[in-house]
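Reviewing the structure listed below.
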Amino acid sequence: MFKGVKVVMGSFKGHALPGTFFFIMGTWWAIKSILKYTCRKQKRTSYLVSKALFYRIELLEGITIICMAITGILGEQFIVGGPHLSLYNYKEGQWVQLLGWHHCTMYFFFGLMGVTNILCSTISSLPASLTKLMMSNALFVEAFVFYNHTHGREMLDVFVHQLLVLVILLTGFVAFLELFTRGNVTVELLRSSFILLQGNWFWQIGFVLYPPSGGPAWDAMDHDNIMFLTICFCWHYALTFVIIGMIYAFVTW
Amino acid sequence: MFKGVKVVMGSFKGHALPGTFFFIMGTWWAIKSILKYTCRKQKRTSYLVSKALFYRIELLEGITIICMAITGILGEQFIVGGPHLSLYNYKEGQWVQLLGWHHCTMYFFFGLMGVTNILCSTISSLPASLTKLMMSNALFVEAFVFYNHTHGREMLDVFVHQLLVLVILLTGFVAFLELFTRGNVTVELLRSSFILLQGNWFWQIGFVLYPPSGGPAWDAMDHDNIMFLTICFCWHYALTFVIIGMIYAFVTW
Amino acid sequence: MFKGVKVVMGSFKGHALPGTFFFIMGTWWAIKSILKYTCRKQKRTSYLVSKALFYRIELLEGITIICMAITGILGEQFIVGGPHLSLYNYKEGQWVQLLGWHHCTMYFFFGLMGVTNILCSTISSLPASLTKLMMSNALFVEAFVFYNHTHGREMLDVFVHQLLVLVILLTGFVAFLELFTRGNVTVELLRSSFILLQGNWFWQIGFVLYPPSGGPAWDAMDHDNIMFLTICFCWHYALTFVIIGMIYAFVTW
Amino acid sequence: MFKGVKVVMGSFKGHALPGTFFFIMGTWWAIKSILKYTCRKQKRTSYLVSKALFYRIELLEGITIICMAITGILGEQFIVGGPHLSLYNYKEGQWVQLLGWHHCTMYFFFGLMGVTNILCSTISSLPASLTKLMMSNALFVEAFVFYNHTHGREMLDVFVHQLLVLVILLTGFVAFLELFTRGNVTVELLRSSFILLQGNWFWQIGFVLYPPSGGPAWDAMDHDNIMFLTICFCWHYALTFVIIGMIYAFVTW
């Protein structure tokens, strides 16, 4: 309501950035799961090689995630009109840009996940399942923040964020489940497809709420738009199957 | 609200068709589970034979499901007054027949399940649990779409669809559970009974909302009708036990 | 709303009857679980004896449950002012005593559980987990019916029934869990304590809504009563621990 | 509403006390889990020694928990203006200090957990998982009571207690899960971090609702405060990771 024009204009990018991050990570995790699965199936003699390889990959993954998180935090904080690390404006007696701080908090928890990734692959005494735990934690925190993110917004806006919360919660649940079922490729692919869906949906939200073409936003009060977005969400989900299928075909080939 | 008379009249058939599909699949899965269970108990020498048989059955099952899904989609699209594959009417600036598209989306995901069924039984390198995953996905998508299907309808209409969502969610949950508990006949029978219940309930919805006798629909504002449908739902569930019991007696005999 | 005085007066008994049933069954299941547990711990030589004994006990249990269910159904149907097996009054064009039919449906599903109990202990080819499945089914159906049972009642009435639904749902969930964790005595005792709590709570509902002393019912609009019943529910739960502790001390001694 | 000034003033202490208790227990359980984990990893020869040690620790833990519970109960009952063990005021015909009785009930269930702790470590025939069960029970009871604790309060007050209920429910769920997954250090650390979060959050509630500096309470109707507390909750959670990380570094060193 009190957000300036600049921030609203920047919001398409604000949704495209995490969308791209999640799309990259989803694709990457799908490739990793399928690679691991096929390696295990073929029981190659070069098992040790692949193990050392996977170790380095794990390290690289952690660093990439941390870089992504830092990019996101810096982008949120030092954008024109952003909070610039100030949390409370004592002069006016009100909080500064709390929505930006929300986003930073989410990025921060994904950064923590990256740190755990690196720690677990370097310090052997740490339990390996800690990475999964931090992933599910980061997702649950993200869902929790998004759930409390849309106070006083319009119906369509709330709806698309509710779908986002739904897919994040499901992803978090699946990641939590992986704590107990190691090496189940089906569950890993399910998680990857959810992450891909989340990435796609971020883009879709950007297009719906802040059309980059400069045209007007969708009518937030039309029930038909909600009806359409419901099936649009499902089609995005079907699309992730196609993407993962293509990755599978590519990797095995 | 804007639905023409023809579509309303066609709606009894629109509920009877999926009802019949689910009833057939429920019966079939109950037979298959019980057959597998008794085969395993008796440890027949002809184990390899039955394995090859089950493989062919799996293939046939996939093809049947795809046929059903295509029938459903074509029926929804090319019915008199249907959307005929057009999604957005640019002239009037509104969506075309979104409810029909909702139904198509659900059929489509069941079609995907059929495709996965075929792929998993022909390509041996694919994990077998993928079929279960796609089944649970198709069911969760169905529940999700039905949940967002009844905006602005009347109380009785919403209630019967809520019960539908309930049973679909439970079925999806049980199918998801089967990912982790292989060959547990009790869980498989539970899923079959839920699928049967869903089929019966589709028929019941058809009778309640669009009485084929041409009589008036039930009073949508009478709380007693909701009270009755609550126990009616339970009786349908009890009926599925009787059906499965009869199948069990028939198969073992 | 249209219930006559006779039925209202009979309602204390209507809550005391199932309360007594659940209390008996809870006590009995607690005894059985503890007996089985101590037998298994001590690895008696007379293992076969105890197995044959448990088989007969299972049979007796099934018969007892069926008798209870039939008592309940007959009591609901042929009470003075009851529905007497008529479901729809064509003259007045309205349903007859749907609340009574609700209760009958619940009793019926517990009867089905008793039947499964008997079938599973006589026909060895049936999977033993079917009994657990039917128990969890009966409980979920009970919770479902109670959830749709209190349309248009007063706040206190709705609240005590909500707590009932809560405990029934939890019991059903625990019973469902037992499908997958065989012979875990802690889980079995948890289920028994929930069943005992349900029995106690039925009695408490009877005392709150239809005080047998003939005094006035509790003030249904006073929030303090809800506040008190919240902790009262917890104290009943603590009481079930005491009961189970006493049973444990008695059995091991 | 009818609470006197003295009780309101005492309320910061009323939140600081359980906050401190949970913080101590969370820290302690984190230390215990990490100690057990490192002992198991190093397979020390002095395994029997550590086992006897853990047995004595278990006993001490039970006694500490009971002392904490009794302190809490006495504090709630015999504070100036407390209920002094009277539950119903027959003169005025109303309940006495139900909120105080709510707190006592919660403390009582944690006391029960302490008793079970002692019983399970002294009587060897009792199943060890009973302790976990009682812990999850105590937490679920706490969540249940808190859920029904805030009738008719203001928005901010309700919100901070809802977050409390959320974290308690999650802790209870994780403790319940531990019944089935023994010795999984990741899950144990997750539980400890939730307990620490609960302790921190109690302090935070105290500061928000009853600022000890004597300044005015936060504006209960300002949505921005809710937005801030959402991320504040997440930061407290991140803080628990830091605390547990420090404990880990300290213990392994």
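Details
Note that the chains take the letters A, B, C and D in the order they are written out, and that residue 1 is the start of every chain.
Here is the rule we go by: a residue touches a chain if its C-beta (ideal position, glycine included) is under 8 Å from a C-beta of that chain, and two chains touch if they have at least 3 such contacts.
All figures in this text were calculated on a predicted structure; none of them were measured in a lab.
Listed by label, the chains touching chain A and chain B alike form an empty list. Seen from the C-alpha centroid of chain C, the farthest chain centroid is that of A. When the CA atoms of chain A are superposed on those of chain D, the rotation angle is 90 degrees to the nearest 5. In whole angstrom, the spacing between the mean C-alpha positions of chain C and chain D is 32.
One simple way to say how far apart two chains are is to compare their mean CA positions; for chain A and chain C this gives 45 Å. Shown for chain D are the residues in touch with two or more other chains, of which there are none. Remark: the chains found to touch one another pair up as A-B, A-D, B-C, C-D. Of all residues in chain B, those touching chain A in their complex are 94-95, 98-99, 101-102, 105, 108-109, 112, 125, 127, 129-130, 132-133, 137, 141, 144-145, 148, 151-152, 179-180. Across the complex, chain D is touched by residues 37-38, 41, 181, 184-187, 189-190, 223-228, 230-231, 233-235, 237-238, 241, 252 of chain C.
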